[in-house]
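Chains: A, B, C and D, in written order; residue numbering restarts at 1 for each.
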Amino acid sequence: MATETRKRKADHIRISSNQNVQARKATTGLEDIHFIHKALPEIDKQKINLSTTIFSHKFVAPLIVGAITGGTSEATKINAIIAETVEELGLGMGVGSQRAAIEDKKLEKTFSITRKKAPTAFLIANIGGVQLVHGYGLKEAKKAIEMIEADALAIHLNPLQEAVQREGQKNFEGVLEKIGAIVKELDVPVIAKETGAGIAAEEAKKLEAAGVKGIDVSGAGGTSFAAVEYYRVKRKANSFQRRLGDVFWDWGIPTAISIVEVSQTVTVPIIASGGIRSGVEMAKALALGASLTSLSQPVLHAANKSVEETKNVLSLLIEELKTSMFLVGADSVQALQATPVVLTGKTAKWLKMRKFDVEGYARRKRS
Amino acid sequence: MATETRKRKADHIRISSNQNVQARKATTGLEDIHFIHKALPEIDKQKINLSTTIFSHKFVAPLIVGAITGGTSEATKINAIIAETVEELGLGMGVGSQRAAIEDKKLEKTFSITRKKAPTAFLIANIGGVQLVHGYGLKEAKKAIEMIEADALAIHLNPLQEAVQREGQKNFEGVLEKIGAIVKELDVPVIAKETGAGIAAEEAKKLEAAGVKGIDVSGAGGTSFAAVEYYRVKRKANSFQRRLGDVFWDWGIPTAISIVEVSQTVTVPIIASGGIRSGVEMAKALALGASLTSLSQPVLHAANKSVEETKNVLSLLIEELKTSMFLVGADSVQALQATPVVLTGKTAKWLKMRKFDVEGYARRKRS
Amino acid sequence: MATETRKRKADHIRISSNQNVQARKATTGLEDIHFIHKALPEIDKQKINLSTTIFSHKFVAPLIVGAITGGTSEATKINAIIAETVEELGLGMGVGSQRAAIEDKKLEKTFSITRKKAPTAFLIANIGGVQLVHGYGLKEAKKAIEMIEADALAIHLNPLQEAVQREGQKNFEGVLEKIGAIVKELDVPVIAKETGAGIAAEEAKKLEAAGVKGIDVSGAGGTSFAAVEYYRVKRKANSFQRRLGDVFWDWGIPTAISIVEVSQTVTVPIIASGGIRSGVEMAKALALGASLTSLSQPVLHAANKSVEETKNVLSLLIEELKTSMFLVGADSVQALQATPVVLTGKTAKWLKMRKFDVEGYARRKRS
Amino acid sequence: MATETRKRKADHIRISSNQNVQARKATTGLEDIHFIHKALPEIDKQKINLSTTIFSHKFVAPLIVGAITGGTSEATKINAIIAETVEELGLGMGVGSQRAAIEDKKLEKTFSITRKKAPTAFLIANIGGVQLVHGYGLKEAKKAIEMIEADALAIHLNPLQEAVQREGQKNFEGVLEKIGAIVKELDVPVIAKETGAGIAAEEAKKLEAAGVKGIDVSGAGGTSFAAVEYYRVKRKANSFQRRLGDVFWDWGIPTAISIVEVSQTVTVPIIASGGIRSGVEMAKALALGASLTSLSQPVLHAANKSVEETKNVLSLLIEELKTSMFLVGADSVQALQATPVVLTGKTAKWLKMRKFDVEGYARRKRS
């Protein structure tokens, strides 16, 4: 099992690097969010404070490098580079799927390298939500956490990915209850995390009630796992599976919509992810109600090379976020979250149809 | 007459196979319907029950292969292949226009082959609505039914097709009354079926009052019969008729709109058809209020070849439907029909203008 | 003066035939008007009555060939062909600008040919509105009418055209009053006619109050007179005038919007013109509230050739109109005007902003 | 410092002339503003009075040539040409950034040439708002004014430009207070002017309260200073800075939106600028509530050549404005400002979200 899982994960990283697996028709919806430029920011850009304390951890900036890889020697290198970079920058990091390493102790070091390289950064372990109804439980969750001395555990909710994979586990009965059971027994906060199809208000409410301490929306509009499967399968000429990847390529709730659905429904912190590609988009996600942002694709290339290149990419994203904040006169993440933004297009229409407050964003702080 | 009709039908199938006769500017409107992905489906995909009982018949899945062909030896082969396939999969099938065979007994076997190959599947006979005011009546209806021992009779309402055909019958006076008269005398349920231009609320209401037991909307956005005529005429260089085909190419009520107009107006079961090309679109049609879906174009190529290929196509569509249901946590067709969907774009605007409830779809089941 | 006017008019006809002088960004808005197809038309297409009595004249179909040309020998031929055709079909015809012939008796025959060829058809004479404040008056109006024994007089309101022509008359002070004065003294009904930029509610109201008996909206979206000037000037390399033609190319109120603005404001009959290119568009214009439709561009080519070709073009347009009526179950122009249509897009938004009733169109006759 | 500033300004003018530094995705929003054509203008175009008195100065037409250049010998020539032209036409002119000349007396003549060439035209001096918190004060403001015997002082608010420039000053703390202090001490009116990213209602209110006598919105949709920086940096291969220019290329409040936000919030005169490229757009800006319009890009090429060419460009723009006014029957700027306009698209949606009155524009003067 571990070998197969490992091979699949290696496929994933190779395909994501070499093929265009970004959404085709779906967009994040962030293009429908408009900041209201402030000609008089009345702040000093240098004094902008990007730090934020979430999950009782102080982040130098509200940025996490999302789960990318693990389980191979190549992964070890990538994980080490990312870990060293986020340690240096005071950010957070989620590791790739730890499933293979939970089942094969030899692979643990491909993950544990992150804590070695990042003794103080916020590290997020993970476990598949669907695994909880296929034999996994508290023991495996703790193993995942201990493997990297994690500050939090992300439970990956990935029904789309499982659905389009031939070998995917397609029974999600009782996942919520299992999550509820685990949450209570762990010492670290549990984050419910989608993997590219977004989280709706209904699910957010149930997850909060089950005790999760954070929600990572991972909406549609960025990397599509159905697309990854499309390419993985393509080479095997299995047209049945390939067509599934094609038909579901753009499935999911766009990131901007998911952030609003969740933030107007629950009070736990929200991590915005799914197609975020610039600091301006990070700023928009935070203005919509997210507490942290997370991204993987923009660092994929750099993390294969060096700490320096990875640091350049992340620093630039942070500089873009800071510049956005400067231009709306927000000197803190909190101030950014209170700054007015205008929602238009399909994003505004979807949210109104679902009875969420859209006007409030545009009118807040108008006096 | 029969020969001419047969020749025309043979033209149709040839053109549909070789020319692009899909809508140009019109779309089904299904692209304006958005599912709300469920990160926690809380169901087992394997346990999803696609079966549905409509017209007192149990369908293994809510899928019918729509009326394609008949009357020629090539048609016999195609009909046999489709029949064998739907029998094996527990689906339904509508045969092509039976008019030629009603008038020429020798052609009957090109249709009756379907019941031989599909002893238990749901078979739908047909008669042209407009024929009812041009000499046809109960006798012909019964003949059509008996020819294939049909489970239902579809009365084709095809004013657009008749209008753009030079030889078309363009007197529809009294069709409704004739339908009402026949409905009462038949032992099988009668389905009113458009042929690509959709059914509006007003007509649905009248049809239900006349006693029809089901409505097949067959909306715009898929194969255009005006386009078929355009190509049929083109070869004869009759520019007058050709321009008619061109001007009316995209005429009609888009499928998604027609489903909503009809489902919010009558209580008889709705068959969704017109441009449905994937299981996701089947799922959307059901979520909007349809009880069954019907399609022809996606099996056209396979049904010319073999049962195996046709089965592959239909199985994949069903798998896509099932995957859609899994991803919104619907373990039955009924559950799918209650799942929230968001309507945007022209589809939402049309329906609001016409005073149908659009918000209800987006908000149902939110608690 | 007459020579110059004649030359300019000859330029116009040549440019309109050889250059693309259709609107570039502007559209008629008719693409935002959607018929609701009737699967059960319940009428006999052959019995559809297209005849309509407007200005106490019975038109076999609600179609007028708009003002095209006059003043040259080429124009005589074109006018004769159109006149003979509309006589045969029982339609109406407006002649081209009669100004040159009013000023030079020798040119009269280029216009009077129409009445010779069309003894009973509805013929519309014309006079420039702006000429009324530049020396023209009752005498010239009567001369124009008598020249073709006209059934009506169109007063052309063409401020855009005058504005972009170097030699244009740009003083419109008192035009309305002059129109009011003339209206009273004439035996034939006066129609106020724009020439491609549309008529707004405000102007319609004033015109009706001044006594005009019909309004020809001639909206934007079809042939652009600014574009004609652009090409006329281009050859003379006068960049100043050329740029004016370019900047105002798409100026004006789109045809669909103008029909609604006027029809919801006044009670006199409306002639819909401006970019109407098919019988479906004629039907849409009538459904929005017009009593007659008028077009020039579609017959331009044929009217240069023969009565037969012109008849073909007009007959096809009428057939398309009839087919549209058949497909919405309207057996008369009056019935068509009461049939529901759905307005979407920019057209619906403009009209709502201006507080016109948009929903009414979509909901009428729903029971 | 002066040398560096001068070099940067020279870079700006060179890049603006040779590279496409116009907005890519952003538009001015003026394409969403629609005039309601008047078929009966009832005015004499020749009598249209374009003159307007703003800041106690009579402008022959509501047009200012915006701040372009200064500080180099090439700039002297350009400034002289523009000045001579606006003097002749009775317009206004803003000079380019005077910072270099404030710091280096030798450069003064590159600006003072304007007053020599334009003894009576409205000349606008300028000072950077952010400089006021970096050492500048009343003395420098007076120096700028005296240098050209200015009629007004524009305080440039350019946080976007500073933010994307490596050497930019990014501390805007206290700028508003400093503006307030200066305003009181100066004899000429102070205009707060953005430089391409627009001014929001919130800032307009604060600026008015601080005592500024006019607001130049300079919205997004025209020349992008982020784009200028993108090209300036490109040649130095500093990818970090280049990416900033790229990401912020389209940042800002579109011009049409900014005019409405400001005009519905304050009572001081508004100068509309940012992407205005024709007299029709000038007319739209005035109809939305601006008192003057300002533009630079359209004269860039001509101002490098001769007074005659510059005069041609400006005269044509004025002729287009006058033609627009003629076509809506407005014989004065005041009348134009009361004429109805329809707002659609993203512009209308943004403004509604922000609770500004949009319908009022479409319905005013309807009786």
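Everything below uses one rule, namely that a residue touches a chain if its C-beta (ideal position, glycine included) is under 8 Å from a C-beta of that chain, and two chains touch if they have at least 3 such contacts.
Just so we're clear, the structure is a prediction, and the values are computed from it rather than from any experiment.
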| item | value |
| --- | --- |
| Joint neighbours of chain D and chain C, given as chain labels | none |
| Equivalent interface positions on chain A and chain D, same or different at half | different |
| Rotation angle (°) superposing Cα atoms of chain B on chain C, nearest 5 | 90 |
| From chain A, the most remote chain by mean C-alpha position | C |
| Between chain B and chain A, distance of the C-alpha-averaged centres to the nearest whole Å | 42 |
| Where chain A and chain C are represented by their mean Cα positions, the distance between them in whole Å | 60 |
| Residue list for chain A, restricted to those that touch at least two other chains | none |
| Topology of the chain contact graph, where touching chains are joined (line, ring, star, complete, other) | ring |
| Pairs of chains found to touch, sorted by chain label | A-B, A-D, B-C, C-D |
| Of chain C, residues touching chain D in the complex | 129, 157, 159-160, 163-164, 170-176, 192, 194, 197-203, 206-207, 220, 240, 243-244, 247-248, 251-253, 346, 349-350, 353-355 |
| Residues of chain D defined as touching chain C within the complex | 34-47, 278-280, 312, 316, 319-320, 323, 326-327, 329, 340, 342-345, 348, 358-359, 361-363, 365-367 |
